[in-house]
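Below are structures written as structure tokens.
Note that chain A is present in both complexes that follow, paired respectively with chain B and with chain C.
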Partner chain A sequence: MNTVVSAANLSKSIGAKSILRDISMEVTSGHVVGILGKNGAGKTTLLEVLLGFSPPTSGSSSVFGNDSLRLPVHSKQRIGFVPQRDELINEITGAQQLSLIGSLSHRWNGALIERLVASWEIPLNTRIKDLSGGERQKLSTILALGHEPQLLVLDEPASSLDPIARRLFLREILDIAADEARTVLFSTHIVSDLERVANRVVIVREGHIAWAGELDTLKETVVRLHVDARHALPAAFGLDHVIRQQVAGARASIVASHWHPNLKEELEQRLDAQISVEQMGLEDIFVELHS
Partner chain B sequence: MTKPNDNPTVRVFVLQPTSGVPIYRQLIDQVRRMVLSGQLPPGTEMPSVRDVAEEYTVNPTTISKAYSLLELEGLLQRNRGKPMTVAALRRRHGAVTNRLKELEPQIDSLVLAAHQLDLQASDLIDLIERKMQEDP
Partner chain C sequence: MSGVFQATRLFYSAGWWRRAFLTATLLLMILSALIEHAAGHPLNSFTVWLIAAAGQWIVTLAGLLVMAGSIFRTASAPQALRLLPFGRLRLLLGLLLALPLFAAFDTVLSALQHLGDATAAAGWAGEVGWFFKTLALESLFLLLCVLIAASQTSLLLFAILLALAMALAIVFPFRALSALLAVWHETAALFLLALCGWAVFAAWYLRAPRISVLNWREEQQPDLLHHFQRRGSGAVSSRAAAIRYQLLGEPSVIGAALRIAGPIVVVYMMLIIVVLALYRRHPEIWSHMMRQWPVVSIYAQLILASSVCGSEFRAVRAMVGRSRILWICGAQTRAESFALCERIAWSCFAVIAGLVLAVGAVGWMLLPHRPGNWAAATIVFPVPAILCCMYLAFMNVGDRLPVVLIPAYVFLYAAFYLEASASHFSPAVAALLQIAVPAATLAGAACLRRIAARRWQNIDWLTVKPEIAIGGLSTRRA
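So, the complex of A and B:
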């Protein structure tokens, strides 16, 4: 597995406002990485800094081993980027926009474009200013796929798509994911999309990384414990990594990270209690990590 | 790309991406149950990782993780250039205690909910018996 994107201690401030704080991360090839965060958490800025569109205040980042701020052309050609706000030209048609971008690209898969235009139902002969938000988003995504990038970066993709279009879009991402040489990095606040297609997740909270790793691991190690004890419980349990706890007499509900099934029996004995372990979906985990 | 998956086994699973149980874990549990119960007999061809990922629109890595762990467990067999198959079992059906162990997580949460609802074991057993008679 090759490192495709890497960041070391990235921080970014605009004036007195800190947007990103000490972000270090690595994206290896063949993965689909979802960056999850509330609105305003710094997801867009993070993508922009990683791709070198905007310089960090401190720290550094690289793409394909080259400093993001000095990416050689051959590296840029291997990247596809779909910005949150599209950069389509309003006065021309979709067909014209496609042939414009196609003619500027060093490689262009016309057959792929044709297939996507048909299956995503994009009206090509309408002027772009007359397209709906969803149609614009689809066109903008296709434009980033035409040169078959090794690294596809999408900022809030599919946010204006209906459920059918969104499913078609996710299938295309998975098709790319099936190729181990290609990598997808996307930001979103739509948890259910991320749960389907990402195998790794980076949770960004107030400009820094709250959790990063495999989605499966996140679901296995962040759990809600329901404790039912024989006697009133102490206020402190001696359990590490508690995110939130509520104790009421002999009952308690605890959200903890770093959980391992082996911990259950020891804790049950120590507290003289029955514990049931509830595994949480990503949405719940996301909410708890923000509590 | 969407194409019809010709192996019907691809459709027997129920994978829920929003569940707290990771997708690979859901698949392992289901394959294990189906193999132990004989629903997936030895020699059954498994759908490819890519077909399962496509059918359920989920990341292929989690499916391939499930297949690898099932192979380690001896339930699935990897065949050169051919689909994986359900391995020949030492015993076709696991012993009842083994099969019951598969249900322990569900039983644990059932028991907890029963306690909270102040139900007796006998109430539960009656209901389970009735439900099991309803469903084949």
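So, the complex of A and C:
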């Protein structure tokens, strides 16, 4: 697997405000990576710094092995970008906008565009200012797909779409991801969207990465433990990576990351207690990580 | 009553640097007025002239800052204050209190500046006339800004209202009102219009329903002239055309320039007509004012040049914001993107400056003015200053923009006042200034270009958000 996007000790401040702090990550080809975080966590800034739209305060990032700030033409031609706030021209029609971006791009797959326009029901002869928020977002996405990019970067792509359009859109993302050479990097705060399409997840909290890895691994290693002991439990259990714990006499509820099934027996013996392990959904994990 | 004072305080609240700036301005302004009066007319000492000129630059800047702050607050207040108990009423009373205070302050300054000058005092029928005129003009302008936000539309409507006041004064002399207030007929007409404006505003403002969470998002500032906005269209015929279209959001440079500078040209044409109408009715006073103050010959040129600077600045900033999509989609490097934007900015500059400064030249020819060099006033001084502004917009200064813009405007004003005051110096010094000031400004523009090109290599598009529509005095975010 080739590394498509990488970041090393990336930090970004605007004025006195620190937006990204010491972020290191890698995205390899063929993966669908979701960046999950609350509003204002730094998702948009991270994507913009990774793509070279904004220089980092410290650290470095690269796309297809080239410094993000100095991307050569052949690298830029392999990138498709959908901004959070679309940059369409209000006064022209969707067809004119497609023709405009098409004429700026080195290649243009007209058949793909036609298929997507029909599938997503975009009125191409309507002026862009008269389109709904969802239609504008779909048109922006189509514009980013027209040149069949190997890396598709989407900043909160489904936030304006209705549930049906979101499903259609996500299905298209899955189709794109099915091609081994394609990589999709997208940010969202909608957990269900991420769960539906992503196979890797990066959770951003207050400008730094709280967790990064395979989605399945995240679900397996972040668990809720229900402890039922014979005697009153101590305040600390000596368990590493505890996210949250509630102790009430001989009972306790613990949310821990980096969990491994082997730890259960050891902990039961140490605490003289029975422990049941509850697998958590991504939304619960997200909430616990932010608690 | 405390609510009224709170609203007034809110109306004039500002950051520490702006408060310090305003305080320094006030002191310098009074000092300069006193020195100017003590020195008599015309000023014959360079030091006295310098202090007086510095005071005048800062007065103009402070006025702009206060008005901008006031407009912002009044324009945003109807949305925000509806959530506060009696918020609307407080703001309304605060405005009613603040405007006469501002007009009185302006009148005292005017009286200080022209103490003992009988002919100038006769302008607008003395202090009382000045007070009512200022009050009426401020009211009309602020009310328009409240209703339709600070945009080219408000300026356009303001000019139309001025013309309407002049027409009203000619058709109906308003003898009773002008006698009651002891002011000119024109001032009486303006005052009457302002009263009508206040009545309409009060009716609209007090009747507007209290905003709720449900209809918060649906609340929009009414845009009375939105139907007149030009509709752009056109097919993309070449790659160069596509690049231009993407950067400008318009198929042609002329289209974009007309959209930006069109309202300004209309406003200035109407103002010229208004001044001409007044001049015909009161030639002796206006002739005196034109000779004493550089209102038309220099000040109008300054306003015109500032308008071009502002328009060009906004056009370039919009282009800079839109250039990131061009960079990521296109085959250009950052240096090539800079060159493309620069080329289009120069085309815009040629069209906008040509249009607006041509109106300035018409004003120069039609209206009485002090003798001077037409080319210097309309081309030699403004053009380098506009270029400085253009490259400032390329400099990617982000949130430090106001800090950069204020010295730029101070420099622009300084250049104009130097040119305006050339008669206070010996002919040799005056001739030197005529050459040195534009040359220095041009050198400044060249330096700014070098810095902008270098900074562009690491441009931060996060701090230059793309704009969708470019207006004459406002840009609308997506």
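Remarks
We adopt the following convention: the second predicted complex is superposed on the first by the 291 of 291 C-alpha atoms of A that agree within 3 Å, B and C clash if a C-alpha of one lies under 4 Å from a C-alpha of the other, contacts with A are read in each partner's own complex, and residues count from 1 in each chain.
Here is the rule we use: contacts are C-beta pairs under 8 Å (C-beta built on N, C-alpha and C of every residue); 3 or more make two chains touch, one makes a residue touch a chain.
Please read all numbers here as calculations on a predicted model, not as lab measurements.
In the three-chain model built by superposing on chain A, chain B and chain C fit together without any clash.
Contacts of A:I101 after superposition: chain C is touched, whereas chain B is not reached.
Contacts of A:N2 after superposition on the shared chain: neither chain B nor chain C is touched. In the superposition on chain A, A:E91 makes contact with chain C only, not with chain B.
In the superposition on chain A, A:E195 makes contact with chain B only, not with chain C. Within the superposed three-chain model, A:S132 lies out of touch with both chain B and chain C [touch as defined at top].
Contacts of A:G281 after superposition on the shared chain: chain B is touched, whereas chain C is not.
By the touch criterion defined above, A:S58 reaches neither chain B nor chain C. Minimum Cα-Cα distance between chain B and chain C in the superposed model: 26 Å. In the three-chain superposition model, chain A touches chain B and chain C at no common residue. Across the complex, chain A is touched by residues 231-236, 238-239, 242-243, 245-246, 249-250, 322, 324-331, 333, 398-399, 458, 460-463, 465-466, 468-469, 478 of chain C. Residues 14-15, 45, 48, 51, 53-55, 69, 73, 76-77, 79, 81, 85-93, 96, 99-101, 103-106, 147 of chain A touch chain C in their complex.
The part of chain A that touches chain B in the complex is made up of residues 31-32, 115, 167, 170-171, 174-175, 177-178, 191-192, 195-199, 215-216, 219-220, 223, 226, 228, 274, 276, 278-284.
The residues of chain B lying in touch with chain A in their complex are 1-2, 17-25, 50, 53-54, 57-62, 65, 108-109, 112, 115.
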